[in-house]
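Letters A, B, C, D, E and F mark the chains in the order given here, with residues in each chain numbered from 1 onward.
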Amino acid sequence: MKLITAIIKPFKLDEVRESLSALGVQGMTVTEVKGYGRQKGHTEIYRGAEYAVSFLPKLKIEVAVKSEMLDAVIDAITTKAKTGQIGDGKIFVTPLEQVVRIRTGETDGDAL
Amino acid sequence: MMKIETLKKAGIAGLAGLATLAASAGTALAAAPKFDTGDTAWMITSSALVLMMTIPGLALFYGGMVRKKNVLATLAQSFGATCIITVLWMIIGYSIAFTTNPNAGTNAWIGGFGYLFLAPMGLDAVNSGLAPTIPESVYMFFQMTFAIITPALIAGSLADRMKFSAFMWFMSLWLLFVYCPIAHWVWGGGWLGAMGALDYAGGTVVHLNAGTAALVTCLVLGKRIGLGHENMSPHNLVLSVIGASLLWVGWFGFNAGSAVHADHNAGMAAAATQIATAAAALAWMFAEWIVAKKPSVLAMISGAVAGLVAITPASGYVDPVGALIIGIAAGVACYISSVWVKKAIGYDDSLDAWGVHGVGGALGAMMTGMFAKNAINSGAKGWLIDGNGHQMLIQFYDVAAVFVYCGIMTFIILKVIDMIVGLRVSPEVEVEGLDINLHGETVHD
Amino acid sequence: MMKIETLKKAGIAGLAGLATLAASAGTALAAAPKFDTGDTAWMITSSALVLMMTIPGLALFYGGMVRKKNVLATLAQSFGATCIITVLWMIIGYSIAFTTNPNAGTNAWIGGFGYLFLAPMGLDAVNSGLAPTIPESVYMFFQMTFAIITPALIAGSLADRMKFSAFMWFMSLWLLFVYCPIAHWVWGGGWLGAMGALDYAGGTVVHLNAGTAALVTCLVLGKRIGLGHENMSPHNLVLSVIGASLLWVGWFGFNAGSAVHADHNAGMAAAATQIATAAAALAWMFAEWIVAKKPSVLAMISGAVAGLVAITPASGYVDPVGALIIGIAAGVACYISSVWVKKAIGYDDSLDAWGVHGVGGALGAMMTGMFAKNAINSGAKGWLIDGNGHQMLIQFYDVAAVFVYCGIMTFIILKVIDMIVGLRVSPEVEVEGLDINLHGETVHD
Amino acid sequence: MMKIETLKKAGIAGLAGLATLAASAGTALAAAPKFDTGDTAWMITSSALVLMMTIPGLALFYGGMVRKKNVLATLAQSFGATCIITVLWMIIGYSIAFTTNPNAGTNAWIGGFGYLFLAPMGLDAVNSGLAPTIPESVYMFFQMTFAIITPALIAGSLADRMKFSAFMWFMSLWLLFVYCPIAHWVWGGGWLGAMGALDYAGGTVVHLNAGTAALVTCLVLGKRIGLGHENMSPHNLVLSVIGASLLWVGWFGFNAGSAVHADHNAGMAAAATQIATAAAALAWMFAEWIVAKKPSVLAMISGAVAGLVAITPASGYVDPVGALIIGIAAGVACYISSVWVKKAIGYDDSLDAWGVHGVGGALGAMMTGMFAKNAINSGAKGWLIDGNGHQMLIQFYDVAAVFVYCGIMTFIILKVIDMIVGLRVSPEVEVEGLDINLHGETVHD
Amino acid sequence: MKLITAIIKPFKLDEVRESLSALGVQGMTVTEVKGYGRQKGHTEIYRGAEYAVSFLPKLKIEVAVKSEMLDAVIDAITTKAKTGQIGDGKIFVTPLEQVVRIRTGETDGDAL
Amino acid sequence: MKLITAIIKPFKLDEVRESLSALGVQGMTVTEVKGYGRQKGHTEIYRGAEYAVSFLPKLKIEVAVKSEMLDAVIDAITTKAKTGQIGDGKIFVTPLEQVVRIRTGETDGDAL
């Protein structure tokens, strides 16, 4: 199994979620994060002075999937989260050795 | 305040004046003075409005501008100052500021000590010189609310780094050794009032005074850790907008209330206040819009406060056009002092207590001399309209006297407190935040 | 306002009335008019209360309802409107709305131009027709606070998507070309007042007027991006509850203050206001409780505002039972318009400025005709109690005139501004939020 | 309230008094009573101030202290109580509390039923016994604001766990069966007032009454899930500080307004209120500073409210020094009851409605007997200063009567509601939060 | 070593933390997240219209442990975080190659 | 590639970010978290009673890097985030199998 971690622009969440559901992904976990990268941050004004805010609000989506679904999911996220502008985000894939569903104790595939 | 006015009136006019007042308030001969219910209603209302300026007004205005980790500590400063000053004012403050010292010579400098704990203030007591148509209990309370907000304003320059214990000491000593004497000099029968200084509601007594103390305090305390590279922009301007709005609303008690009557002077003061405040808010906003390309909310509310400050000494003396000009000048001047001068000189007046209250108060005091209009207030003759250039000199003496006396005394008080309890929190506490360390509380979210 | 009343009084009665007032305020023959201190105290207080309705009241009511990324921009609209309108009112607004045009014919449509910059308004000036017992400075200020909140109310329908520069232009032009004329028509001596339209504190002049403008504005602007699928529920109802509460409290200055005296009319208006507001809040709450199964906080506060709006034109004319009925009707009607009608027709009146102020104002104006009671206000004769069915027709003319004139003018003004500076922000700005893009600020958390 | 005073005055003095009032308000012989504009201005203002105490004052004070998941539900309680009580007061409350029952015997216990829907309250109506110089519409409204806040205070002990429907039932029944009778007993012409109980603004009628109900309610409801191990400290003290500040400011309408005149009694009450409040805030703060090593913001604001509560019954009867002593005592006593006693006994008075209002109200009532001063209020003779020890006994009867009657009735009312709609939410709802479950709303962040 | 990531219901945190401490786990990192899954979300009311909030508040607990402790920890979390209702959450196990304690520079086992 | 996850004290963020940029790391993702460990928490006062808050505010920094940069990055974080006091935090390294840049679809090395 794989753990897919995607950093996306906040207002893209709904579209991404829908397309993943369409693929049969039954769940995901979302975290509000601040991202730093090529995309330039905003400047806040304070007493006439400008202050550069280099961290931008992003959303981190974590999805655990069976290995065979990996490409489909990556594909769905990339197409839905893309705007073509700098700052669209990244997708990271890490190995997932074990999954447990707390409610039932089911493990791995059955737990997703 | 009425005082100047009455002072200046020729005896007869003066008597006439009092007579009318008395008349409109019923027979003046009754054993118990008959108070004017309209004046009394307005002055109790004004007192409540001015109290509202400090809590929650000023508390929120400042609280929204600091970083989140210090918001509760900042509220605690306004609230704590309100409490300690109320008690000290009842014990001795009112007596030395607004009662007459039996010794005429001494009275030029400080009031009497006969009113400790307000003991002589009975049900029918009246401060006939300063507030002839209302119960003294009301006048004492009204002046108390001024005594509360003035020291509380200083908190703007010491935000984010002073010990709470030191702060409470500071408020107490500053009230007794700086505010009370100066209030007596200008309003209580002291030498500045006698000289003819025009300060309707406290441009020098309140704002320049608090602003000067704020400047000295931030110089003594030094800069906040992280100033310059850390983002110290306001954590929640919603709070600051609520605060600025309540300051604005409450300020009608401050300026119109200083008429000590519900009359045409109060009305004109209210109109002037509203006009100058809006003009200053727009002036600061446009100045920033031009320079920084965006009209920030902080610019609008800072400008509004600058206008309120500058019109304070002038409110009862100028006409609407005078108010408009004073407002515009205040918005631009305070913008420059808070944004450019501060950066140039490099002191850390955290929330611009000096930049807004000090500069705005001094500017307002001088412009009062320029635009005061005898047709608006029989107790005043200004330079531009009435051709009384000499008034400018008097206004300057007033400004200089307050600046010098307050500056020196504030420095001494701070040094004494620093020796005894220490002024500044430890770097760890400052970095981690005052809320949790000084008060054991945080805002959960 | 007193006006209608005085207008209708037979000459003698009228004189008698003024006489009494004068009497209770001291000799009417003195060179300078002797004002009534009680009336003056109440009217300064009322002015401060009405100002509080806009800042921070309305600012918070609206600010809590938008999404977090736009909260500061929404506060900036109420605050900015307050400032620009104050200055324009002093320059020309009061003159064209509340002074008499030398040409009687013209006066039916617009006031005079003799009061520019309030130049003639001296210390003892009095607007003898509209406010005989208080200084004109106070009456000018009181009316200014009405002129401030009316345009500011429109912001409810354009929230989340209008440029700040365009907004400031809109407020300015709308004040001068829509509010001032209509205020003159009904209260300032114009044709609607002469016709006998009953609008105690502004059901048509203020609320229907602002509501109509709001409707036109949201139609011109178009819908917000994401409407329908994105969650646009209020980001922080705590702010909205504070706002609604301060609107409620301040509204006593609005309605009871419209008596322009601290008298029995003011008292009855205050009682009616309180009763109608509570009834409307309960009506809307129960309506939603039944339909949506839960009594939301937004339902309660929206209902309260609906009640305040609907009782505004009626407050000085109806008895407690009339107020109760008007309140219940307003709660249900505004619930239907804001929840069902809006969805059915599909315009994006973001915060229901039309749904509450437009519908509530029109409803209130008509119900004023129904429940006005001569025993409560000698200046009025209503349909149901006094059998004066003709009043319904007059009320309808009032509603129609305001709706048509305001609708057309608002449309024109918006189109002009759109050509010059553009009305709406870019999609990127709208999606990312107005706070950071228009004002360079955000609420940190 | 004036009542006691007038009651006690010898006939002649009484007439004289009324005469003077009438005089200062114009000719007393006119068909329609001529009201005093100053008194009227002050009483409308006072009513608005007391309303502000509940919304947004109390709503925020309580809302900031609960956990974030329940903040909207807590605001909904204050707001909902305001609405339902307003309507019930108009329908029957005022009639049974403040009008005289034709049957003298019955009148000792309950007022008349002639004022249902305020039908007889015309434009010129006046409650000559209780408020001779203002329109009855104003007095009815003023008393309504007291009737609103009293039940609303109870919400402090039932926070976080009561159904909204049950709460609305509770407010309604408690108003009619507990508040109205007790208000009549003490102020409306009932037996406690006749006996000479001194309760200027509601130490027993309002605070002990609400506090007792709060104690019974939290005992009946039981503890909150997670009490003890879960962190239940205030989620946002910024809201609580705003609330406490507005309570403080509004309280001048409460205490000084209880003079029902803008006179020296009102002034003295205002001064006493300010002094006692500040003293209590400092007392509680220092107590905690000593014990818990830190002066929490919650300590300051809780102490302030404790002082406001304790001075309420005494405000119009004591001098500044008496107020100072009462304040200090209240701060310490309420600190002990809220922090130590509660923990020792172990009931879950969530926000210390009993600890502050119950204890503070009873303490204030007894200390009123001790420090009441005839020189301050001709209607009172206290123990320590005037040597009238018997007053202590009367005060005790007052306290006991309210405690016993309220305790029993509250218990019965709660049991009845529990049977019909159920008092407490399900554990799931309590754990997950009331906002989303009861009102379908949350604060986004 | 393993990195254990558990998504649980917020009010279960204290119990879970205590049981882990009991096992000798010396630290953990907690993040507020929003979860999407089988558990139905709430509906917010707005102007009488209902709006489905499909994301529910959850807590994400991250615990780095020595491999031999893996089962014990998973076991502790499952038992403590379980309510039996839908939405109890999941446990994910990912391989952890290296750990460093910033204060001391200690690595791996010693760093935990 | 590796995914480096560091838990640090909040006020150290700027220093760390700067030193990573200096190393040529082009982006990172930051999350506000609450940490539990050896460092003692604060005590909140409530009605005179003390309540121990065992979780402390920390920041979690996630940086995806090419394997060859691993040591340099770990080194930079350790030096910059260190205060020497308990609670400085940890660094966790997990394997990263795949990276995608949403905007361009670039993968792995090119996506960083």
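Basically, a contact is a pair of C-beta atoms (placed from the backbone, for glycine too) under 8 Å apart; a residue touches a chain by one contact, two chains touch by 3 or more.
Computed from a prediction, not measured in an experiment: that's the story for all the values here.
Of all residue numbers that take part in the contact between chain C and chain D, under half occur on both sides, making this a different-residue interface. Between the Cα centres of chain B and chain F there is a gap of 48 Å. Taking each chain's centre as the mean of its C-alpha atoms, chain A lies 18 Å from chain F. Shared contact sites, meaning residues of chain A that touch two or more other chains, fall at 31, 44-45, 50, 94-95.
Annotation for chain C: residues 36-39, 41-42, 45, 233-234, 242, 292, 294, 296, 298, 439-441, 445 touch two or more other chains. Taken pair by pair, the chains that touch are A-B, A-C, A-E, A-F, B-C, B-D, B-F, C-D, C-E, D-E, D-F, E-F. Remark: chain B residues 226, 229-230, 431, 436, 439-442 touch chain F in the complex.
Residue ranges of chain A in contact with chain F, taken from their complex: 2, 6-8, 31-38, 54-55, 58, 60, 74, 77-78, 81-95. Residues 11, 14, 42-45, 50 of chain A touch chain C in their complex.
By the touch rule above, chain D contacts chain F in their complex via residues 231-234, 288, 291-292, 294, 296, 298-299, 335, 338-340, 342-343, 352. Per the touch definition, chain C reaches chain D in the complex via residues 20, 23-24, 36-39, 41-42, 45, 49, 67-68, 233-238, 241-242, 244-246, 248-249, 252-253, 256, 261-268, 270-271, 274-275, 277-279, 281-282, 285, 292, 294-298, 300-301, 304, 319-321, 324, 375-377, 445.
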